[in-house]
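Structure incoming, see below.
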């Protein structure tokens, strides 16, 4: 029973919609963080990195292991420090893992047909999933609630909890940092140059492999950071969570125009909103379906996405 | 000499010998800020060998790509025999798009009217009531759904009066008879509400279900009464919206394929590629067979395609390589196989993109001879070539491109003398 | 050519995996339960119960030696039962001439798969844990149930645990008794979960409680915050979730708490396992989560039941979980039927089991009714305290609900 | 290269009499009579193997023949299965005989394939892959949510065996199908043989060559007049139809549709692994790939795990110590290693075309 009628009235209420928007934006910014990893890697090597979602999952596994090792959480400032530490550690872990996978698996396939690394990345995704299975077991694991779910707003029916605040506090600086990095630093420029034309970039002295490595690392770092925020807000980790998050994130990247960094951010937010509002209107279970309907519509009408450039094949 | 399979001669070939076979009009291609081709006019006469030359990056290949439908020009037209090379918007395409729209509309409507509820009303409920649905009753049940008539469903040990989609329970009774009686009474009340406020039936009209009907909230009755309009509105809106989106999507996809290479090929223009693009995994013979199978689809069926394909291979000098994989062939053979594959489509116009690139003088001469033979068999040729000797030897007319702009046109002899050409191109090339 | 080599290899493998001949002095009991994943904790205790019953019988049933085979109907990757594995188990059991009893399954969904298959072979199937009403009770499940599970028209399915037509409505009775008035009903869309949630909701309406809404979750989704906002907006004082730990029961509890919904959560026995508390996190369920269980809690057992609990504790060093005693009872039923039949004939054994009356077991004295159900009708409500399931209340069908109780007794009376 | 490359010889080669199919078919057909376990539990598992082989061949039409990376084949498998189930289960009014339901399943799956193909015709290879994946997810969600039609999470069942209520010579055919797995074994084998011979024919046909051309170079194919869109549509339709047939056989052999999660991404990737391991585009390769991978997954691993537990090596049931616990990693390794070291697969096609297409060659310009 998707919607019993008494709810139809609540759906109409403004507060309810506002609440769904808050939820949508919070989950959307997490999706955006993961989507950035897709879009950056795609921009630089043209690979849909299928394993990205599962990398995110492994970050969550590490987070839960670290937190359990560290013992029961304390309230207040130590929790914030702990989360910051986790973000950095899991980010480094995922970044390093992503880099290692690139060197081991994708790099030998640079000259192969484009689908070869894609298929390999499906393989990596499965290996990651198996790793996660061994790591945290087949059933869902509870992540200790480091951040309380208390309402920060003075309303009854509109909630913005400390957890939502955490999402904002981590995602916004990370994205700002990324923007600065890509726009203004030397390596960021090199990255954009490689994305434009790897051969030309190599000719002007850019170390293409180094840039690719840095991209994989950065993408992985963001996924690791996202996984910590995810774990702290959703407080459940499961070895299969990477698949769906990855799919949403990929959809976000395509929606925004794969290869475009602002595109991924906007795409992520839109997907989060579509998911929350669509789910609220048509029933929770259809939320996933709605997201893919959006994906198909985008690909039919604007395959290059909202911010993407049209890709041209060289003949 | 093997006879080359000629396309059926159509009238246009004879009567309009004076009109150009290919005419390119003000073709412009921009990539971002870069103008690759600017206002190119180009005519190729029937039965001629025309050449397009120019330094690297002059826009020759881009022009070729536009003619063969690979790139979409920013502006300008390409005509073959005075007709634009594009898939016409035929009634078939129109109805196809309409049908796709309808299908999408139906899908969206299925979600909107809750196809699951329809299935319950049309298939499962009668089944549970012991009256398996038959085609005859199908229409009636559907209509009843869209009239939003109440129904009786069993759940567990109880019987419930529910909306037709089974999602809202209005009342619960212990026996089926009770529930049916209540349903009828409620339905009467709902119908009366629909008719307007003044037409509420007397309580006594409901017989022994009167108490139960009065127990149901007036608001609920209003909502049930409004259900009919709501479901129809939702259904039609969804159908219309889905139809619009689907038809628009169908049109977008159709449009994107409007001037695709296959349309151009079907119209009678074949081409080769600068960087050879063979079907590497297939044999030489199979490469040619694909061209024969699909090229120029208007023509008659070939009785023995295997034989014809072998003849075409022989014509380009690859008789002995028929069974070899294209990827294994020697470089020169690969170029010639590409020409053979293009010829197999029985084109009227053949676009050759640097057919002698990377060849030794003997091979080059052989290809030049082959080009002439092709022309003699009735196929018009447009050539991009860097090897000037070949160009000057085989061409009837030469056009020169520089930075996307046509700077000269004429017979080889005229071009050789043209100041601008020498300055822009020949001077450095022959140095 | 390779394919031929492959085929040869396949044939060889087939020969190696072996075809045992039938042994006239041996009967085999198989069980088909999820042996990997989070349900393993539950199935472990069931298997221990089965083994204890066989051991107590001295490994013999009448003139036959008993061989026990523990089959797995789940895959390691997901830890969930799969139709493919369950169907394969049923077929394998059917094909093995020594198998005379099939104990299983843990989930109603998987019973739906194996029941029609086993029915063709008249093989006795005793279920320790499946509670979906449609499996046995006419007119309570989907249209066509339960006849569709009996393609031969004969019966072969017995369960030793009361069905959900007891658990769902009794849970509603309990809720009404506790003074709850506005309930929100969630389920996982599965046979078991949705079935019990529907029954719960129905009984709530009958008792005059307001059912604010009913929605199925997507058990593959990772979180339900958006849905919980809907629930919160409705303002319930009790939330019911019909589902299992494996279908995200833990996450539901957790998101409920995180959305600031103060009302308690009521779940059925599918969540009755430590994994549920683990998944939800203690703080999300502590003192505010109630679990119903269509049977008797181990600590409330008396007589034979008490003895079983004590022996179990001695053997395994921990108190039995709720389902252990049902596994034990299921095996005892199978052994009793084999002994009573006295011949190695599947039909005869099945008939002997269906004829069981006044069976004196650890759960009390009970009979098999006409549908193959137990005549026992008790409901236990447990609450989460100190991170464990603690006994809260026991309800008897007769005491609270005259209407329901009558149905149950009628069913029992027919047999 | 001293092989004579005379054109007629090459032409004749395509029409050559089958070399391994017939003996293999005969061997497989008589095997249940000679090998007793095939009349038992193993027979049922080999039947499932045959059904997966049909599914993998369906995928091979997409990935191997046409070069489209299809990640949602399991959805079409499911659509075929559910269609057959809806038309046959006793709880619904249709009660069609098996053959009619199978035909409908094939038709509906083909239609669904076309529906998937229509909006995606002109997408780049990697985008197309994701769309097929998304399609798979949507179908799964729909199967789960349309509870009245599909039975939701519990699926539809029980699906009657072929020939239910049909008595021939005093034998209740339906009962035979359930009690004796050999009947289903032969049915699945016959379907597999029909699919293999059909695909053999397709390989040498005009359409088959067009598919190969699209795989090799989509742009060049278009440039010689191959209607790429229509060829892709045809590939989708054929592949989906075969997947639908496999789905119909699957639910009938299982006697239930199982829950919608049976038709998820993992199943699609398992099939992809089998096709890539065996050799893209290669029919014997696909069969070998299925035999190895699915054989490992459904036949070998559970037995080996049971054995490990019996001999006491893995008494706690830890997934690290079990074979099936490693299945995902095994699939993953297969994909990676094959891509890196042997992209043409174990049994490449004679054309040697078993590589991935240069991706994504495409008409999105």
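Going in written order, the chains are labelled A, B, C and D, and every chain counts its residues from 1.
The criterion applied here is as follows: contacts are C-beta pairs under 8 Å (C-beta built on N, C-alpha and C of every residue); 3 or more make two chains touch, one makes a residue touch a chain.
Being a predicted model, the structure only gives us computed values, none of them experimental.
Student: Which chains are shared contacts of chain B and chain C?
Tutor: Shared contacts of chain B and chain C: A, D.
Student: Quick one: point me to the chain whose Cα centre is farthest from that of chain C.
Tutor: Checked the centroid distances; the maximum from chain C is B.
Student: What is the identifier of the chain with the smallest separation between its Cα mean and the overall Cα mean?
Tutor: Going by the distance between chain centres and the overall C-alpha centre, it is D.
Student: Measure off the straight-line distance from the CA centroid of chain B to the CA centroid of chain D, and report it in whole Å.
Tutor: 28
Student: Averaging over Cα atoms per chain, report the distance between chain A and chain D in Å.
Tutor: Computed value for the inter-centroid distance: 33 Å.
Student: Roughly how far is chain C from chain D, centre to centre by C-alpha average, rounded to an integer in Å?
Tutor: 34
Student: Centre to centre, by mean C-alpha position, how many angstrom separate chain A and chain C?
Tutor: So the centre of chain A lies 39 Å away from the centre of chain C.
Student: Could you say which residues in chain B touch two or more other chains, in rising order?
Tutor: Touching at least two other chains: 70-71, 124, 127, 249, 253, 273.
Student: Quick check: what residues of chain A touch more than one other chain, meaning two or more?
Tutor: Expected reply: 1-4, 133, 137-138, 283, 285, 288, 300, 312, 315.
Student: Where in chain C do residues touch two or more of the other chains?
Tutor: Each of 36, 76-77, 143, 189, 216, 218, 220 in chain C touches at least two other chains.
Student: So how do the chains connect up here, line, ring, star, complete, or something else (other)?
Tutor: Contact map by chain: complete.
Student: Taking the complex as given, what residues does chain C use to touch chain B?
Tutor: So the residues of chain C touching chain B come out as 133, 139-140, 143, 165, 198-199, 202, 205-206, 407.
Student: Would you tell me which residues of chain D are touching chain A in their complex?
Tutor: Interface residues on chain D, with respect to chain A: 69, 71, 119-120, 122-127, 129-131, 133-135, 137-138, 141-142, 144-145, 219, 265, 269, 272, 276, 319-320, 325-329, 331-336, 339-340, 343, 355-362, 364-365.
Student: Provide the residue numbers of chain B that touch chain D in the complex, in ascending order.
Tutor: For this pair, the touching residues of chain B are 68-72, 100, 103, 115-117, 119-120, 123-124, 126-127, 132-133, 166, 249-250, 253, 256-257, 260-262, 264-266, 270-271, 273, 277-283, 285-286, 289-291, 293-297, 306, 309-310, 313, 319-325, 327-328, 341-342, 344-345.
Student: Under the stated contact criterion, what part of chain A meets chain D in this complex?
Tutor: 2, 48, 105, 108-109, 112-120, 122-131, 133-134, 137-138, 243, 247, 250-251, 254, 283, 285-286, 288-289, 292-293, 295-296, 299-300, 303, 310-313, 315
Student: Residues of chain D touching chain B in their complex?
Tutor: 1, 3-11, 13, 91-93, 115, 118-119, 121-122, 145-149, 206, 209-210, 212-213, 215-217, 219-229, 349, 351-353, 355, 363-365
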